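A short write-up of the structure that comes next.
In this document, chain identifiers A, B, C and D correspond to the written order of the chains, with residue numbering beginning at 1 in each.
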Amino acid sequence: MPQSLDELRYELALANRMCAHEGVLDAFGHVSARHPDDPNRYLLSRSRAPELVEPGDIFEFTLDSEPVTPTNVRLYGERVIHGEIYKARPDVMAVCHHHAPAIMPYCVSGEELLPVYHLGAVIGVKAPFWDQRHDFGDTNLLVIEPAEGASLAKALGSHWVVIMRRHGATVAGRALRECVFRSIYSVRNAEFLTQAKLLGTPSPLNRVETERAGEYNLAPGPVARAWEYWEMRLTKKGEAPPRAARAAARGGKKAAGAKMKPTARGAKKTARKGRR
Amino acid sequence: MPQSLDELRYELALANRMCAHEGVLDAFGHVSARHPDDPNRYLLSRSRAPELVEPGDIFEFTLDSEPVTPTNVRLYGERVIHGEIYKARPDVMAVCHHHAPAIMPYCVSGEELLPVYHLGAVIGVKAPFWDQRHDFGDTNLLVIEPAEGASLAKALGSHWVVIMRRHGATVAGRALRECVFRSIYSVRNAEFLTQAKLLGTPSPLNRVETERAGEYNLAPGPVARAWEYWEMRLTKKGEAPPRAARAAARGGKKAAGAKMKPTARGAKKTARKGRR
Amino acid sequence: MPQSLDELRYELALANRMCAHEGVLDAFGHVSARHPDDPNRYLLSRSRAPELVEPGDIFEFTLDSEPVTPTNVRLYGERVIHGEIYKARPDVMAVCHHHAPAIMPYCVSGEELLPVYHLGAVIGVKAPFWDQRHDFGDTNLLVIEPAEGASLAKALGSHWVVIMRRHGATVAGRALRECVFRSIYSVRNAEFLTQAKLLGTPSPLNRVETERAGEYNLAPGPVARAWEYWEMRLTKKGEAPPRAARAAARGGKKAAGAKMKPTARGAKKTARKGRR
Amino acid sequence: MPQSLDELRYELALANRMCAHEGVLDAFGHVSARHPDDPNRYLLSRSRAPELVEPGDIFEFTLDSEPVTPTNVRLYGERVIHGEIYKARPDVMAVCHHHAPAIMPYCVSGEELLPVYHLGAVIGVKAPFWDQRHDFGDTNLLVIEPAEGASLAKALGSHWVVIMRRHGATVAGRALRECVFRSIYSVRNAEFLTQAKLLGTPSPLNRVETERAGEYNLAPGPVARAWEYWEMRLTKKGEAPPRAARAAARGGKKAAGAKMKPTARGAKKTARKGRR
């Protein structure tokens, strides 16, 4: 568990990269975390493919999804997905919005995403649908207006995964690592369910099995084991967030301060370097 | 955006490698760009797998698909795909011809490729079919004759993606990066549509949604974010075009001149080196 | 074939990593081996993603799945799968429990896993089902209680692969390498069977073909050839278990002793190192 | 084109690795070539996963599939596939036997493998089936007896690809590179055909299109372009056959002689080294 804001920034960069590396995110999508000390703020990267996010890219936002410190850097257009869910659900500490290939057929066909194995139980007993068209008519399908985010949060209700018609999914968690675990294993479950539907008749978990298996798998043991695995996979490929930033995150305030307060200028520099 | 012919050559080599790395191209297929200063010319590599294209492999062609400077190196057989589309569509600045695995089932079955999520909207409201057999009878299915290219361009019409029966697809763009973005996300859309059709009944975007989502996603922000991601993925694997060539592209005219004017001899040398 | 307990520990770490690398295991699942000198004990890693297992992570367990030496490190929750099968089947020397993507649709749909090519014959003439729900009602689907493990072992009977409804599969072998070979090729067989069912009507091997092809492929030659291949694939990616541990495994008793007797403290150190 | 026996040995090692790297071969399967100077001999590796084959592993065999020089090293069990096809088809210079995942569903279901795009035309107008069961009853499904190989060669007839029920496929070529090209693109074609059958009704190439497209794609240009691509992909991953052996293959007779004449002892040494 992260013990400081700097460590959370590092973990959040790691979470974005993990989800990308495990096939949940590509150039789009993003993972956020609620501020550990101030429930009225959340942390999210500037606009950047999640696989590239560094601790220094993480900004603070109000629950209205405005940056706490004004900035000129480009921000994600769909921040309200995060802000409106944090508003509606005080128990939620992390949110992942994605378009994972295995989930998309459910967004497109409207077939229900049911938990069909013990690890898939982390989806919960129901993954409700949200159709932007119902409330807002013909849009560009992006969730940009606060009202759109609020409508999505309402559809999520007390559940943990909401399937967005013709768009993707949004996943919530009581902790950052839980949110990553749920995002990855709901995707795996979708793969298995799709294949099972093509082969024959799936036999999903019932309500009690879902609750019991979900609780077991979200305990610290299994989550830590999976987290170590995903982190090592990134690390072995040299894709963990940059060590310098990490050292800063764990080091003295001074280095961290210099590194961690992103400015429009700093972010641009990073972007330029990234381009090479 | 590229600012010189040399930079465009580098970007075009990069575009070819990106499309290969993201699963759109394999040993075959190619991406071209219209000449930035002379609308009657276009740039395309000599015959080579796109993953291997270097800035020095890029030649200039007339819109009749003849090399501007006579050469003995082997050129792609299907250049007229590019030339005839540039002739017919003054608004098109880049073209990608490919046989991506996710698109092929549509070429083979004749099922319609419909946009089913916001990023898939870049396909446009319609991806028309072209069947070489209709106009030309039993051929080798390659698009080699100017008349074949012109027939394909006619089928494309004012659209952005044309599905070639028993062959592949050709994608156009108002800019090189737009063309790459459309090529990659139309492939992703095809994957999701196929799975959705197997699961149940797809619910595609309607015309207004397609236009609005297409416009949003092709704005500079999203395109730049995806481009940075795809370039970094190549770079992290050491697969970006060679730095020497890039330095030349950005450096003085002298080095660039020496490096950039490919000759039959130079190209052969590269090929030989590539073999080792 | 391993010639000492230390070598077996190395081979077992290797077996876990191989199965992970070949797509049979992810963050979860595990491979065990019966103790070569004491049939009443077996060897299994502490709780850790199988791709990360090192020789020093391997502990000894009684057939009641208690660690021979008391320990504070976290152990797998589902150890009884291994212990109860070793109890019920004296001919079994290795066990792999997994949730491979290609097998899961069979667990979910209840369709029968039939051998459909010569290498798939290693499944045996029948892969029985086990449904925890039948004997134990609504559980968390994990196999944690000795009675659950015993019920699973009973369902396995004299066969080699048991399909666990809404959970995964468990595979047994007369030797560690046989168990790995069977685990990997039963997964390949499942992939082919699924696709064949979508295309048309599969023609499975009959009983005699299954027995003859299974016997041929489990002979030392084919198994050694595949083992060399899987080991080299790991080694080329730098993912074989750490050399230091291997040297110890082959070196003098002293070094091995220091390295190989894992203690709670040692294991924690490894874990901490693994995190970096 | 290889110009000496040593160069052919290198090319053959490369061909085996290419087919493995492009997903046609795994631990099993093999590519052979007819001896360039003596049509009554062929070249094939000792028993080893094709991804690991080195020039020094290549042995010479008579068309009765006996090693020209007696040896104690383990040889492939299914050599007669190669020998009997070289006997029956004087025009064939290379053979690939494989169990590629995309082909297996056709072996299992008996659905016909039809060319559905220009590159798939290299399959030829027909890929006949061979069912070992018809001629030989219940076997272990391996092709080990000369009569079995001859029966397979008869089923191949004048075609280029034969689908072996419940087993795999065997592909022939008039040259080594043609054989590799056909092996890889018949696999791609199978992938597209399978998906197209799931989506709707495939529209295959007709006879004339198949002949014309096959001829175009097997000309030196396209084959060289694909070969360069596959070789570079291997090379960039450090998976081309070892350079030392290659130097020997191109260098003086002395070094080549020392390296290239594999003996039981030498081969064992290699094997042992490979294990580490």
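Operating definition for what follows: contacts are C-beta pairs under 8 Å (C-beta built on N, C-alpha and C of every residue); 3 or more make two chains touch, one makes a residue touch a chain.
It should be emphasised that the depicted structure is a prediction, and the values quoted were computed from it without experimental measurement.
Student: Using the contact definition stated above, find the chains touching both chain A and chain D.
Tutor: B, C
Student: Between chain A and chain C, two touching copies, which fits better, same or different residues at the interface, with half of the numbers shared as the threshold?
Tutor: different
Student: Most remote chain relative to chain D, going by C-alpha centroids?
Tutor: A
Student: Please report how far chain B has to rotate so that its Cα atoms sit on those of chain D, a copy of the same sequence, as a value between 0 and 180° in steps of 5.
Tutor: In short, 90 degrees.
Student: Find the geometric centre of each of chain C and chain D from their Cα atoms only, then give the gap between the two centres in Å, rounded to an integer.
Tutor: 32
Student: Residue numbers in chain B touching 2 or more other chains?
Tutor: Touching at least two other chains: 197-198.
Student: Identify every two-chain combination in which the chains touch.
Tutor: Result of the pairwise touch check is A-B, A-C, B-D, C-D.
Student: If we count contacts the way the header does, which residues on chain A are in touch with chain B in the complex?
Tutor: Checking each residue of chain A against chain B gives 26-28, 47-49, 51-52, 74, 77, 99, 101, 104-111, 133, 138-142, 165-168, 194, 197-198, 238-239, 271, 274-276.
Student: Write out the stretch or stretches of chain A touching chain C in their complex.
Tutor: Its residues touching chain C are 116-119, 121, 188, 191-193, 195-206, 208-209, 212-213, 215-216, 221-222, 225-226, 228-233, 235-236.
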